[in-house]
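As written, the chains take the letters A, B and C, and residue 1 is the first residue of each chain.
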(Lines give C-alpha, C1' and ligand atoms only; values in the text may rest on other atoms or scores of the structure.)
Protein backbone atom coordinates (compact mmCIF):
# COMPACT_ATOMS: atom_id res chain seq x y z
CA UNK A 1 0.00 0.00 0.00
CA UNK A 2 2.76 2.43 0.94
CA UNK A 3 4.68 1.62 -2.23
CA UNK A 4 1.55 2.11 -4.33
CA UNK A 5 0.91 5.48 -2.70
CA UNK A 6 4.51 6.61 -3.19
CA UNK A 7 4.42 5.51 -6.81
CA UNK A 8 1.15 7.35 -7.28
CA UNK A 9 2.62 10.60 -5.98
CA UNK A 10 5.76 10.24 -8.03
CA UNK A 11 3.61 9.74 -11.10
CA UNK A 12 1.30 12.59 -10.15
CA UNK A 13 4.14 15.03 -9.71
CA UNK A 14 6.14 14.05 -12.77
CA UNK A 15 5.31 16.32 -15.67
CA UNK A 16 6.72 16.42 -19.19
CA UNK A 17 5.80 19.45 -21.24
CA UNK A 18 7.03 21.01 -24.46
CA UNK A 19 6.58 24.72 -25.12
CA UNK A 20 6.29 25.88 -28.75
CA UNK A 21 7.58 29.45 -29.30
CA UNK A 22 7.49 31.04 -32.77
CA UNK A 23 6.81 34.68 -31.94
CA UNK A 24 9.12 37.67 -32.32
CA UNK A 25 7.07 39.42 -29.62
CA UNK A 26 9.22 39.99 -26.51
CA UNK A 27 6.13 39.80 -24.31
CA UNK A 28 5.64 36.23 -25.54
CA UNK A 29 9.26 35.37 -24.71
CA UNK A 30 8.73 36.78 -21.24
CA UNK A 31 5.47 34.97 -20.55
CA UNK A 32 7.00 31.73 -21.87
CA UNK A 33 9.86 32.10 -19.39
CA UNK A 34 7.45 32.89 -16.56
CA UNK A 35 5.63 29.65 -17.35
CA UNK A 36 8.77 27.52 -17.65
CA UNK A 37 10.44 28.99 -14.56
CA UNK A 38 7.32 28.54 -12.47
CA UNK A 39 6.83 24.95 -13.61
CA UNK A 40 10.50 24.06 -13.08
CA UNK A 41 10.32 25.47 -9.55
CA UNK A 42 7.08 23.67 -8.66
CA UNK A 43 8.04 20.38 -10.34
CA UNK A 44 11.84 20.09 -9.99
CA UNK A 45 11.95 16.43 -11.06
CA UNK A 46 9.92 16.98 -14.20
CA UNK A 47 11.04 17.73 -17.73
CA UNK A 48 10.36 20.87 -19.70
CA UNK A 49 11.54 21.75 -23.18
CA UNK A 50 11.22 25.02 -25.05
CA UNK A 51 11.41 24.79 -28.84
CA UNK A 52 12.33 28.07 -30.56
CA UNK A 53 11.78 28.50 -34.31
CA UNK A 54 10.21 30.66 -37.03
CA UNK A 55 10.10 34.24 -35.66
CA UNK A 56 11.43 33.71 -32.14
CA UNK A 57 15.20 33.61 -32.78
CA UNK A 58 15.96 36.72 -30.73
CA UNK A 59 14.71 34.95 -27.62
CA UNK A 60 17.91 32.87 -27.48
CA UNK A 61 20.50 35.34 -28.78
CA UNK A 62 22.80 36.87 -26.14
CA UNK A 63 22.73 40.29 -27.78
CA UNK A 64 18.99 40.42 -28.46
CA UNK A 65 17.14 38.41 -25.82
CA UNK A 66 15.09 40.09 -23.09
CA UNK A 67 15.06 36.82 -21.11
CA UNK A 68 18.75 36.00 -21.26
CA UNK A 69 19.30 35.63 -17.51
CA UNK A 70 16.11 33.55 -17.14
CA UNK A 71 17.34 31.11 -19.76
CA UNK A 72 20.95 30.88 -18.63
CA UNK A 73 19.79 29.90 -15.13
CA UNK A 74 18.93 26.51 -16.63
CA UNK A 75 22.26 26.02 -18.45
CA UNK A 76 23.23 23.22 -16.06
CA UNK A 77 19.75 21.81 -15.50
CA UNK A 78 19.11 18.76 -17.65
CA UNK A 79 15.41 18.86 -16.79
CA UNK A 80 14.86 22.16 -18.58
CA UNK A 81 16.16 22.41 -22.13
CA UNK A 82 16.02 25.02 -24.88
CA UNK A 83 16.26 23.91 -28.50
CA UNK A 84 16.54 26.38 -31.35
CA UNK A 85 16.01 25.47 -35.02
CA UNK A 86 19.16 25.31 -37.18
CA UNK A 87 17.32 26.71 -40.23
CA UNK A 88 15.90 29.59 -38.19
CA UNK A 89 19.46 30.41 -37.09
CA UNK A 90 20.73 30.29 -40.65
CA UNK A 91 17.91 32.51 -41.92
CA UNK A 92 18.67 34.99 -39.13
CA UNK A 93 22.42 34.95 -39.74
CA UNK A 94 23.16 33.51 -36.30
CA UNK A 95 25.81 30.99 -35.28
CA UNK A 96 26.29 28.93 -32.12
CA UNK A 97 28.60 31.50 -30.52
CA UNK A 98 25.69 33.95 -30.42
CA UNK A 99 23.43 31.64 -28.37
CA UNK A 100 22.71 32.02 -24.67
CA UNK A 101 24.59 29.50 -22.54
CA UNK A 102 22.95 26.06 -22.57
CA UNK A 103 20.76 26.59 -25.64
CA UNK A 104 21.04 23.63 -28.02
CA UNK A 105 20.54 23.52 -31.78
CA UNK A 106 18.02 21.12 -33.29
CA UNK A 107 17.73 20.22 -36.96
CA UNK A 108 13.96 20.03 -37.20
CA UNK A 109 11.83 21.76 -34.53
CA UNK A 110 8.56 20.26 -35.77
CA UNK A 111 9.94 16.73 -35.55
CA UNK A 112 11.24 17.62 -32.08
CA UNK A 113 7.77 18.72 -30.93
CA UNK A 114 6.11 15.79 -32.70
CA UNK A 115 8.43 13.31 -30.96
CA UNK A 116 7.61 14.79 -27.57
CA UNK A 117 3.88 14.64 -28.29
CA UNK A 118 4.22 11.02 -29.42
CA UNK A 119 6.03 10.28 -26.14
CA UNK A 120 3.04 11.66 -24.23
CA UNK A 121 4.42 15.06 -23.30
CA UNK A 122 1.99 17.91 -22.82
CA UNK A 123 2.02 20.65 -25.45
CA UNK A 124 1.63 24.39 -24.92
CA UNK A 125 1.72 26.94 -27.72
CA UNK A 126 3.04 30.24 -26.41
CA UNK A 127 1.42 33.32 -27.88
CA UNK A 128 0.25 36.73 -26.73
CA UNK A 129 -2.43 37.46 -29.28
CA UNK B 1 -26.71 -4.93 -32.01
CA UNK B 2 -28.88 -1.99 -31.12
CA UNK B 3 -26.97 -1.49 -27.89
CA UNK B 4 -23.64 -1.68 -29.69
CA UNK B 5 -24.78 0.88 -32.24
CA UNK B 6 -26.07 3.19 -29.54
CA UNK B 7 -22.81 2.89 -27.64
CA UNK B 8 -20.87 3.59 -30.80
CA UNK B 9 -22.78 6.78 -31.42
CA UNK B 10 -22.47 7.88 -27.83
CA UNK B 11 -18.74 7.36 -28.06
CA UNK B 12 -18.55 9.03 -31.44
CA UNK B 13 -20.41 12.08 -30.26
CA UNK B 14 -18.66 12.48 -26.93
CA UNK B 15 -15.92 15.07 -27.15
CA UNK B 16 -13.59 16.43 -24.50
CA UNK B 17 -11.67 19.53 -25.41
CA UNK B 18 -9.64 22.13 -23.54
CA UNK B 19 -9.22 25.66 -24.94
CA UNK B 20 -6.06 27.58 -24.00
CA UNK B 21 -6.57 31.38 -23.95
CA UNK B 22 -3.69 33.72 -23.05
CA UNK B 23 -4.43 36.72 -25.25
CA UNK B 24 -5.54 40.19 -24.23
CA UNK B 25 -7.05 40.60 -27.72
CA UNK B 26 -10.84 40.90 -27.49
CA UNK B 27 -11.19 39.34 -30.95
CA UNK B 28 -9.53 36.21 -29.57
CA UNK B 29 -11.94 36.14 -26.63
CA UNK B 30 -14.83 36.44 -29.07
CA UNK B 31 -13.64 33.73 -31.44
CA UNK B 32 -12.92 31.44 -28.47
CA UNK B 33 -16.51 31.90 -27.31
CA UNK B 34 -17.85 31.29 -30.81
CA UNK B 35 -15.93 28.00 -30.84
CA UNK B 36 -17.02 26.91 -27.36
CA UNK B 37 -20.66 27.92 -27.84
CA UNK B 38 -20.87 26.16 -31.17
CA UNK B 39 -19.30 22.98 -29.83
CA UNK B 40 -21.49 22.98 -26.72
CA UNK B 41 -24.58 23.35 -28.88
CA UNK B 42 -23.58 20.59 -31.32
CA UNK B 43 -22.27 18.22 -28.65
CA UNK B 44 -24.42 18.84 -25.56
CA UNK B 45 -23.21 15.74 -23.71
CA UNK B 46 -19.52 16.51 -24.23
CA UNK B 47 -17.11 18.41 -22.01
CA UNK B 48 -15.38 21.66 -22.81
CA UNK B 49 -13.06 23.67 -20.63
CA UNK B 50 -11.61 27.11 -21.23
CA UNK B 51 -8.41 27.92 -19.34
CA UNK B 52 -7.71 31.65 -18.99
CA UNK B 53 -4.24 32.87 -17.94
CA UNK B 54 -1.34 35.17 -18.83
CA UNK B 55 -2.81 38.10 -20.80
CA UNK B 56 -6.45 37.06 -21.02
CA UNK B 57 -7.76 38.10 -17.57
CA UNK B 58 -10.22 40.68 -18.93
CA UNK B 59 -12.11 37.92 -20.70
CA UNK B 60 -13.59 36.76 -17.37
CA UNK B 61 -14.01 40.08 -15.51
CA UNK B 62 -17.58 41.43 -15.31
CA UNK B 63 -16.47 45.03 -15.83
CA UNK B 64 -14.05 44.33 -18.70
CA UNK B 65 -15.20 41.31 -20.69
CA UNK B 66 -16.72 41.64 -24.16
CA UNK B 67 -18.08 38.07 -23.89
CA UNK B 68 -19.69 38.31 -20.48
CA UNK B 69 -23.16 37.16 -21.53
CA UNK B 70 -21.72 34.30 -23.61
CA UNK B 71 -19.80 33.01 -20.59
CA UNK B 72 -22.55 33.46 -18.01
CA UNK B 73 -24.89 31.34 -20.15
CA UNK B 74 -22.83 28.36 -19.02
CA UNK B 75 -22.88 29.22 -15.32
CA UNK B 76 -25.15 26.27 -14.54
CA UNK B 77 -23.78 23.91 -17.19
CA UNK B 78 -21.30 21.44 -15.72
CA UNK B 79 -20.21 20.36 -19.18
CA UNK B 80 -18.71 23.74 -20.03
CA UNK B 81 -16.31 25.20 -17.50
CA UNK B 82 -14.14 28.32 -17.32
CA UNK B 83 -11.02 28.28 -15.17
CA UNK B 84 -8.94 31.37 -14.57
CA UNK B 85 -5.43 31.31 -13.08
CA UNK B 86 -5.11 32.55 -9.47
CA UNK B 87 -1.71 34.14 -10.15
CA UNK B 88 -3.04 35.94 -13.22
CA UNK B 89 -5.84 37.34 -11.05
CA UNK B 90 -3.38 38.48 -8.40
CA UNK B 91 -1.13 40.14 -10.96
CA UNK B 92 -4.16 41.91 -12.42
CA UNK B 93 -5.48 43.03 -9.05
CA UNK B 94 -8.66 40.98 -9.42
CA UNK B 95 -10.60 39.07 -6.76
CA UNK B 96 -13.36 36.47 -7.02
CA UNK B 97 -16.14 39.05 -6.72
CA UNK B 98 -15.04 40.55 -10.04
CA UNK B 99 -15.46 37.29 -11.97
CA UNK B 100 -18.33 36.51 -14.33
CA UNK B 101 -20.85 34.11 -12.80
CA UNK B 102 -19.67 30.50 -12.96
CA UNK B 103 -15.99 31.18 -13.62
CA UNK B 104 -13.78 29.12 -11.32
CA UNK B 105 -10.28 29.86 -10.06
CA UNK B 106 -7.49 27.35 -10.64
CA UNK B 107 -4.08 27.38 -8.96
CA UNK B 108 -1.99 26.28 -11.93
CA UNK B 109 -3.41 26.65 -15.45
CA UNK B 110 -0.57 24.74 -17.09
CA UNK B 111 -1.09 21.74 -14.81
CA UNK B 112 -4.82 22.02 -15.55
CA UNK B 113 -4.21 21.86 -19.31
CA UNK B 114 -1.58 19.14 -18.89
CA UNK B 115 -3.97 16.97 -16.86
CA UNK B 116 -6.63 17.31 -19.51
CA UNK B 117 -4.16 16.37 -22.25
CA UNK B 118 -3.00 13.37 -20.22
CA UNK B 119 -6.63 12.31 -19.89
CA UNK B 120 -6.96 12.33 -23.68
CA UNK B 121 -8.77 15.61 -24.12
CA UNK B 122 -8.26 17.53 -27.36
CA UNK B 123 -6.28 20.77 -27.15
CA UNK B 124 -6.92 24.00 -29.01
CA UNK B 125 -4.79 27.12 -28.62
CA UNK B 126 -6.90 30.19 -29.25
CA UNK B 127 -5.12 33.03 -31.04
CA UNK B 128 -5.88 35.60 -33.69
CA UNK B 129 -2.42 36.23 -35.07
CA UNK C 1 15.70 -9.06 -38.23
CA UNK C 2 15.74 -7.26 -41.54
CA UNK C 3 11.96 -7.01 -41.55
CA UNK C 4 11.98 -5.67 -38.01
CA UNK C 5 14.56 -3.04 -38.92
CA UNK C 6 12.65 -2.03 -42.01
CA UNK C 7 9.44 -1.78 -40.02
CA UNK C 8 11.23 0.28 -37.40
CA UNK C 9 12.45 2.77 -39.97
CA UNK C 10 9.07 2.96 -41.64
CA UNK C 11 7.52 3.70 -38.28
CA UNK C 12 10.22 6.18 -37.38
CA UNK C 13 9.82 8.12 -40.57
CA UNK C 14 6.05 8.12 -40.71
CA UNK C 15 4.64 11.33 -39.31
CA UNK C 16 1.05 12.52 -39.01
CA UNK C 17 0.59 16.16 -38.11
CA UNK C 18 -2.29 18.61 -38.16
CA UNK C 19 -1.64 22.37 -38.45
CA UNK C 20 -4.20 24.74 -36.91
CA UNK C 21 -4.37 28.13 -38.69
CA UNK C 22 -6.80 30.84 -37.50
CA UNK C 23 -4.82 33.99 -38.21
CA UNK C 24 -5.50 36.69 -40.81
CA UNK C 25 -1.79 37.56 -40.67
CA UNK C 26 -0.13 36.80 -44.02
CA UNK C 27 3.17 36.15 -42.27
CA UNK C 28 1.46 33.31 -40.39
CA UNK C 29 0.14 31.86 -43.65
CA UNK C 30 3.65 32.01 -45.07
CA UNK C 31 5.36 30.40 -42.11
CA UNK C 32 2.66 27.71 -42.02
CA UNK C 33 3.40 26.90 -45.67
CA UNK C 34 7.15 26.86 -45.01
CA UNK C 35 6.55 24.31 -42.26
CA UNK C 36 4.19 22.13 -44.29
CA UNK C 37 6.31 22.22 -47.46
CA UNK C 38 9.47 21.38 -45.57
CA UNK C 39 7.84 18.50 -43.73
CA UNK C 40 6.24 17.12 -46.90
CA UNK C 41 9.62 17.21 -48.63
CA UNK C 42 11.49 15.53 -45.77
CA UNK C 43 8.77 12.98 -45.03
CA UNK C 44 7.10 12.20 -48.37
CA UNK C 45 5.19 9.17 -47.07
CA UNK C 46 3.75 10.98 -44.09
CA UNK C 47 0.46 12.81 -43.70
CA UNK C 48 -0.03 16.49 -43.08
CA UNK C 49 -3.25 18.41 -42.80
CA UNK C 50 -3.80 22.15 -42.55
CA UNK C 51 -7.10 23.26 -41.00
CA UNK C 52 -8.13 26.82 -41.88
CA UNK C 53 -10.86 28.59 -39.89
CA UNK C 54 -11.77 31.71 -37.91
CA UNK C 55 -9.64 34.58 -39.31
CA UNK C 56 -7.52 32.71 -41.87
CA UNK C 57 -9.94 32.46 -44.81
CA UNK C 58 -7.82 34.57 -47.16
CA UNK C 59 -5.08 31.96 -46.99
CA UNK C 60 -7.10 29.65 -49.27
CA UNK C 61 -8.81 32.16 -51.59
CA UNK C 62 -7.36 32.43 -55.10
CA UNK C 63 -7.80 36.20 -55.22
CA UNK C 64 -6.46 36.93 -51.73
CA UNK C 65 -3.89 34.31 -50.76
CA UNK C 66 -0.18 35.11 -50.61
CA UNK C 67 0.63 31.38 -50.60
CA UNK C 68 -1.55 30.30 -53.51
CA UNK C 69 1.19 28.57 -55.51
CA UNK C 70 2.55 26.84 -52.41
CA UNK C 71 -0.87 25.36 -51.68
CA UNK C 72 -1.78 24.38 -55.25
CA UNK C 73 1.44 22.34 -55.50
CA UNK C 74 -0.27 19.82 -53.25
CA UNK C 75 -3.53 19.67 -55.22
CA UNK C 76 -2.76 16.12 -56.38
CA UNK C 77 -0.95 14.98 -53.26
CA UNK C 78 -3.20 12.95 -50.98
CA UNK C 79 -0.63 13.10 -48.19
CA UNK C 80 -0.99 16.86 -47.78
CA UNK C 81 -4.52 18.20 -47.39
CA UNK C 82 -6.04 21.61 -46.78
CA UNK C 83 -9.44 21.83 -45.12
CA UNK C 84 -11.31 25.10 -44.74
CA UNK C 85 -14.32 25.59 -42.45
CA UNK C 86 -17.72 25.90 -44.19
CA UNK C 87 -18.97 28.44 -41.64
CA UNK C 88 -15.83 30.57 -42.03
CA UNK C 89 -16.46 30.58 -45.80
CA UNK C 90 -20.08 31.60 -45.32
CA UNK C 91 -19.15 34.40 -42.90
CA UNK C 92 -16.55 35.64 -45.41
CA UNK C 93 -18.94 35.44 -48.36
CA UNK C 94 -16.82 32.82 -50.14
CA UNK C 95 -17.96 29.85 -52.22
CA UNK C 96 -16.12 26.78 -53.49
CA UNK C 97 -15.26 28.38 -56.83
CA UNK C 98 -13.09 30.90 -54.99
CA UNK C 99 -10.88 28.27 -53.34
CA UNK C 100 -7.36 27.39 -54.43
CA UNK C 101 -7.20 24.12 -56.33
CA UNK C 102 -7.28 21.10 -54.02
CA UNK C 103 -8.61 22.87 -50.93
CA UNK C 104 -11.49 20.93 -49.38
CA UNK C 105 -14.38 22.20 -47.28
CA UNK C 106 -15.01 20.75 -43.83
CA UNK C 107 -18.15 21.22 -41.76
CA UNK C 108 -16.51 21.50 -38.35
CA UNK C 109 -12.80 22.39 -38.11
CA UNK C 110 -12.61 21.75 -34.36
CA UNK C 111 -14.02 18.25 -34.76
CA UNK C 112 -11.56 17.73 -37.61
CA UNK C 113 -8.60 18.69 -35.40
CA UNK C 114 -10.00 16.75 -32.45
CA UNK C 115 -10.36 13.60 -34.57
CA UNK C 116 -6.76 13.88 -35.71
CA UNK C 117 -5.54 14.36 -32.16
CA UNK C 118 -7.59 11.34 -31.03
CA UNK C 119 -5.96 9.33 -33.81
CA UNK C 120 -2.53 10.23 -32.44
CA UNK C 121 -1.56 12.93 -34.91
CA UNK C 122 0.79 15.66 -33.74
CA UNK C 123 -0.70 19.14 -33.33
CA UNK C 124 0.91 22.47 -34.19
CA UNK C 125 -0.79 25.81 -33.68
CA UNK C 126 0.50 28.30 -36.24
CA UNK C 127 0.87 31.86 -34.97
CA UNK C 128 3.28 34.73 -35.34
CA UNK C 129 2.70 36.56 -32.11
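Keep this in mind: contacts are C-beta pairs under 8 Å (C-beta built on N, C-alpha and C of every residue); 3 or more make two chains touch, one makes a residue touch a chain.
Please read these numbers as outputs of a predicted model, since none were measured by experiment.
*Asks:* Which chains lie in contact with each of chain B and chain C?
*Replies:* Intersection of chain B and chain C contact lists gives A.
*Asks:* Between chain C and chain A, is it the same set of residue numbers doing the touching on each side, over half shared, or a different set?
*Replies:* different
*Asks:* When the C-alpha atoms of chain A and chain C are each averaged to a single point, how far apart are the two points in Å?
*Replies:* 25
*Asks:* Would you pick out the residues of chain A that each touch at least 2 other chains?
*Replies:* Each of 123, 125, 127-129 in chain A touches at least two other chains.
*Asks:* Quick check: in the complex, which residue numbers of chain A touch chain B?
*Replies:* Residues of chain A touching chain B: 15, 17, 27, 31, 34-35, 38-39, 42, 120, 122-129.
*Asks:* Applying the document's contact rule, which stretches of chain C touch chain B when the two form their complex?
*Replies:* Residues 20, 22-25, 28, 54-55, 87, 108, 110-111, 113-114, 117-118, 123, 125, 127-129 of chain C touch chain B in their complex.
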